[in-house]
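Some structures to go through are shown next.
One chain, chain A, links the two complexes that follow: it is found with chain B in the first and with chain C in the second.
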Partner chain A sequence: MRLETRKLLDRSFTGSGILAIALMAAALIVLLAPMFTRGAGAMFFTATIEHRRLMLERFDRGNRPQLEAEIENARKARAPVYRMLADFEKRLEAGDAAERRQYEKPLQDLKKAIRTLLGPIPGAPCPMLMRDQYGQTRWDRAQVKLSHALYREEWDYSDPTRSGIMRLEPRAADFTGTKLDPIFPYLEQNLNRMLLPRRTVYWQFLTDTSFDSHFFGGIWPEILGTFYLTVGAMLFALPLGLIAAIYLTEYARESRFIEILRTCISTLAGVPSIVFGLFGLAFFINTLKVSSSKSVLAGAMTLALMILPTIIRAAEEAIRAVPATYKEAALSLGAGRWHAVWTIILPAALPGILTGTVISMGRAAGETAPIIFTAAVSVGKPLALWQVFTQPTPALSWNIYNLATEHEAVDEIRHVQYGLVLILVSLVLILNLAAIFMRARISKRLRG
Partner chain B sequence: MLRGHEVIMELWRMLEDDAEPPVNPEQASASKPDAATQPAPVLDQPAEERVHVEAIDFSVLYRKVPAVKHVTLGIPAGKVTAIIGPSGCGKSTLLRAINRMNDLVPGCTAEGRLLFDGQDIYSPDVDVVTLRRRVGMVFQKPNPFPKSVFDNVAYGPRLHIQASSNRLAEIAERSLVDAALWDEVKDRLDQNAVGLSGGQQQRLCIARALAVDPEILLMDEPTSALDPRATSRIEELIAELRGKYTIIIVTHNMQQAARVSDFTAFMYEGVLIEFGPTKDIFTKPGEKRTEDYITGRFG
Partner chain C sequence: MPSLRLSHRTRLRQRIGAALGSGLLLAVTSLSMLAVFFIFFFIARDALPFFRLQGMREFFTSTHWYPSAGEAEFGALAMFVGSGLVTMGATLVAVPLGIAAAVCLSDVIPFSLRQFVKPVIEMLAAIPSVAYGFFALVVFAPLLQQQGGHLLAVASWILGLPMAVLGIVVLSDVVTDRFQDRSRTAVRMILMALLGGGTLAGLAWVGHALSALKIASGTNALNVSIILGIMALPTVVSVSEDALQAVGRELREGSYALGATRAEMVVKTVLPAAAGGILAAVILGIMRAIGETMVVWMASGNAARIPIPWYNMLDPVRTLTATIAGDMGEADHVTGSARYHVLFAMALCLLVFSFVCNFISEGIVRRARKKAGG
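And now, the complex of A and B:
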């Protein structure tokens, strides 16, 4: 090959390599950046007075007299809205039936929209659901709800070849010439005064339990559940995996049986996680009856089973990578086999074992399918340690899926979904960083 | 010219006549300082020698393929014996049979008899751990554990005796002094041994082997991974250890064998070709193949 051609080939190869890395980095940023910014929105956001009222009433957080003064201010700002509504309703009652029928539906819709925006109308009985007891706690959601109060959605299906087209019709048009005419500009112009938005750091998102299926509150039960499941899985998988790896590398004589065993372990690593989930349900819960139904224990066992092959393989590789001369030296000094493994081989293999272990931990923390049938519920209280044997738990991974797909008001709790994602991703990231850090430290110690 | 085993049988007979009881380790270590001050015994005084390790029609097979074939020789106590021969001649295999390191190799079996102080090393009632405590080994590549210098030396003693930390420190110091390493590492006993130079590492491995008070020191090409300077330090050390321990050294380096050893065994294709005092092997080899190998005509 000519020198020119070879140089050109080399250069294009380097170029494509750099391009690939740049693409990967860009993809990572595109993927992670919204995750972090939106996830952070669960804790750093502009909160309304409703949020502060909730904090005060449910957790006794904040300066009570000051907050009460603020609530009073907001109440004063809202008073004209309710007065206009009351006036209109009074007139309507006094008016004729045709008029009543004409305004009944628009009025109901408007009142509902205002209730959603500002909370229950004064004087009305206290609603059952907590989500109805408070107005919008987040300023961004409040603006969406304001638009719902000002406009109603109309769907145009006139063209059968296309899907419906949404039009926004101002509600003001329904009430032209009535006492309610000025309520719309008032809502639009005085939302600030009625909701008193303020930048807030709601770090308790991490430590609060959730209220009314995640409409309010934090994700502590999920964090705790994921912690229990992950640590539990490691408690089962690590000793088993280590013993298996030591047996396979140090004790087993190469035979047909061991070969088959190794193949089985590799196959196990490739089994889809949902299969592990079903197996966990069938074996741990239905057959072994480790708990009467879903429990953290059963989930941890299932996760352990899932990560066992990875741990065995990682530990095996790490043990194999320890120079054989270490073992020979230990044995030549009169150490027994087990002693050589325990005092020389395992410490030297520790960085590799640790890396495999922590990566498996990240996988256990993030895996959803195995816990669907064995451990996860979407709403629950934080568990005490002794409850893990009998109680199911919410978990980060499961609730990301559940809140984003099966929740009754998926759009209302986007911030919680992103918050869960952020915490889970950070958790896995921290675990991996910890692994890198520990590995570096131990390697340094081994290398001197 | 006597064949190797004939020399040994001769020695053995003399020894039996003397009916000298085998020296036990405590006495051996107690007598070490005297032994160190004495000059190495002159080779033409075989009557003082005791056979420490004796192979009688001994073979080692890897999955039925012999690597060491019907070797018969006796290794005298307190002497340095070199085993030389071209690569793959079975010299390392023979060496590793003496502390049964070959057990680690799957499918490796031994036939014939290999006696250590008169007891068959491969008899089923031998405790391998005790055997290995009495037969130390130094390997081709320096292989200190990735632990501190002190922990390296103390590893063996900790296995075998319930020693106080003072006693351990004493043993470590004595072993390091014996291995001519003490002065270089006494201020960094708690540093990782992997940070030492290659030659220091190898001397540390020797110290580690000495710390369990062995009777025999097996050295499997101990200088092949070292530079000439470190090599000569190790050779000096071997000369210092002569008399205190029975040393068996496998080497590729003929000059080294000539410099450090009292006896030399030449092996070729698993067979012991010749065994005798080093002086004789190098000056008037009895076999054509020995001469060819020593003069560098093959190997």
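And now, the complex of A and C:
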């Protein structure tokens, strides 16, 4: 092979390596960008008057007289809509049966669309579900709902070889020549005045409990649940892992038994997370009966088992990184082995141990599969501390899954899902960045 | 004044204390061993009733998965194929990328730059699986469904074109090595033009075929494979980078001294020397992919049938892990039924698989370490 060819191969080899790393960085950015931009939308968004009404009625937030004046303004802007509807209905009742039959279905649909957009129609009985008691609280959703009010979706299945094609039909066509004709341009042109959108910062998203299965409110129960589970898992795993690491580094002599022990630890690290979940169900709940059914305690124990190997390895590494001279000096001053470990080696290894601990915390906070059968429920109140022994809890990770797939109105609450993802991912990333930062400081100190 | 010599009693007490203490530590340490045994025991205890009730044959060979029918059928072959398919796809994504990145980290880029790349890998590893699953379901799946064909076509061009150009140049160089000086350039040009034209036509055809592709559903094996591949990347990169670092400086310097370029040094010396560790990295990556639950549960489509043909990545699939997670909710009420135990049978298969993988990779790493040490 000629030298030029070899050089070319060498360069492209380097290039492919750099390309791989660039792809990795690109993947990270592509992953995080939607989570951060759309996740922020859960807290920073354009809120309608319905949002402010909800805040006022449920939490007593905001300036009451001013808000009431605003609500009154919105009511005035909405009045023509309701008047047109009432007029039309009155006319319909007076008319003949054929006409009534013709307009019954379109009218019902239209009223429903207006109800979802603006909230309950005045005079109607107060609906049971909270999602029906308020109109659209977010301006972006309100615009979607407006288009539902103006157009109805028609599916065209005429071509059997292809999937159906969606077509938007203006509802106005159903009501041409009636009293309702002007309602559509009115809705379209006056949405602003009817809903009074305004930029809002809803930071209470983090501290409010959720209402009506996450249609309104915040994610405090999930945050608290994740906090309990993570801290609980650390409470079990940290002492056990630390002791195991001390034993393996300071006491154990290489023997067959220790070798098997190490294999077991790495096996534990390789067990699929869903298997941990099944084990937690079969052992902690069905056999040990730590609680009668799912509970935070059982979930925390399962998570602890999962992160135990990580903690052992990190702590072992940190202890091994302490220079042998420390220990030798301590022993030569007459300290016992335990004494030397406790007063000299552990403090020196502490930053390293902390780094590993923080990373495992992130892992425990983000893991879903082990808590599906042991601790997680989709909807729940924030737990008090003593309830963790008996009660299941919502958690960030589980609720992301649940709201994104099993919720009855997945599209309506995208912002909540993104908000949950944002909080979980930033929590985990902050923990990891803290670990990276600590590690950098340790290595600087070790280098002198 | 206390004497320096300890009394007999104190020494005895100290010794007993030390023995007790170390025994206690050993006991605590053994807990993780106990945990492994317990996991095997409790999973197997709930899995065996299934095999007793239903036998092995249907479970491993049938694709009829109707656990809630009156005549319940528990054929899990489709799940095994599904798990295998997405794991294979993830491996295809993670292994080439991961090894290239690891080589780049250990032998190409300078130390100062490495400090910026390492956090990227750590962040990729830290992002929770449910967040990956959410991305796959909410962002990636609609994108695949609407723009999938074009996306695949662009990807095939981006990957194919540089590789094709490189291949053509090298091939024509190698072929024309034997020729006389004067005719060499001419022959090379002709060869390159011929090959280049052919390859361009081929790429254009492939791109055209791909962009005409209609993807019925974005939640399919391809989606999951790519996301799982990204999730497995950090494992592959960091473990194989460790293996590459463990190859000594002497080997590298010796290779350079013989006149090798960096690429030749890495490919001919370092990679063979680190082969064991890299294999271990690949195995660990596979384990990560096959044991992953949330991504496959959310974004694989969960259709319990074998794709047609079996390697069709654009069909929805269902994996073992997703079946366990998804069916437990319904099976929970009837603890003790075959429906409940079949999930444990699946878990047992996963457990045994990961145990075997772990054993193999441990063995490889240990042997490599012994070789490096002695």
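Convention: the second predicted complex is superposed on the first by the 413 of 448 C-alpha atoms of A that agree within 3 Å, B and C clash if a C-alpha of one lies under 4 Å from a C-alpha of the other, contacts with A are read in each partner's own complex, and residues count from 1 in each chain.
One rule holds in what follows: contacts are C-beta pairs under 8 Å (C-beta built on N, C-alpha and C of every residue); 3 or more make two chains touch, one makes a residue touch a chain.
These numbers were taken from a predicted model, which means no experiment stands behind them.
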Winner by number of chain A residues touched, once chain B and chain C are compared: C
Touching partner for A:L168 - first (chain B), second (chain C), both, neither: neither
First (chain B), second (chain C), both or neither touched by A:V275: second
Touching partner for A:A348 - first (chain B), second (chain C), both, neither: first
Chain B versus chain C as contact partner of A:V201, first or second or both or neither: neither
Contacts of A:A409 with chain B and chain C, given as first, second, both or neither: neither
Which superposed partner A:A335 touches (first chain B, second chain C, both, neither): first
Touching partner for A:T263 - first (chain B), second (chain C), both, neither: second
Residues of chain A that lie at the interface with chain B and also at the interface with chain C: 336
Chain C-touching residues of chain A, taken from the complex the two chains share: 1-2, 4-10, 12-21, 23-25, 27-28, 31-32, 34-35, 163, 240, 243-244, 246-248, 251-252, 260-261, 263-279, 281-283, 286-287, 305, 308-309, 312, 336-338, 359, 362-363, 365-369, 372-373, 397-398, 400-401, 404-405, 414, 417, 421, 424-425, 428-429, 431-433, 436, 440
Residue numbers on chain B that touch chain A, as the complex places them: 99, 101, 104, 106, 129-130, 132-133, 136-137, 139, 141, 143-147, 155-156, 159-160, 191-195, 205, 208-209, 212
In the complex, chain A residues that touch chain B: 253-254, 323, 325-336, 339, 343-344, 347-348, 445-448
Residue ranges of chain C touching chain A (in the complex, touch as defined): 14, 18, 21-22, 25-26, 28-33, 35-36, 38-39, 42-43, 45-46, 96-98, 100-101, 103-105, 108-109, 115, 117-124, 126-135, 137-139, 162, 166, 169-170, 173-174, 177, 216, 230, 233, 237, 261-264, 266-267, 284, 287, 290-294, 297-298, 321, 324-325, 328, 332, 335, 343-344, 347, 350-351, 354-355, 357-359, 362
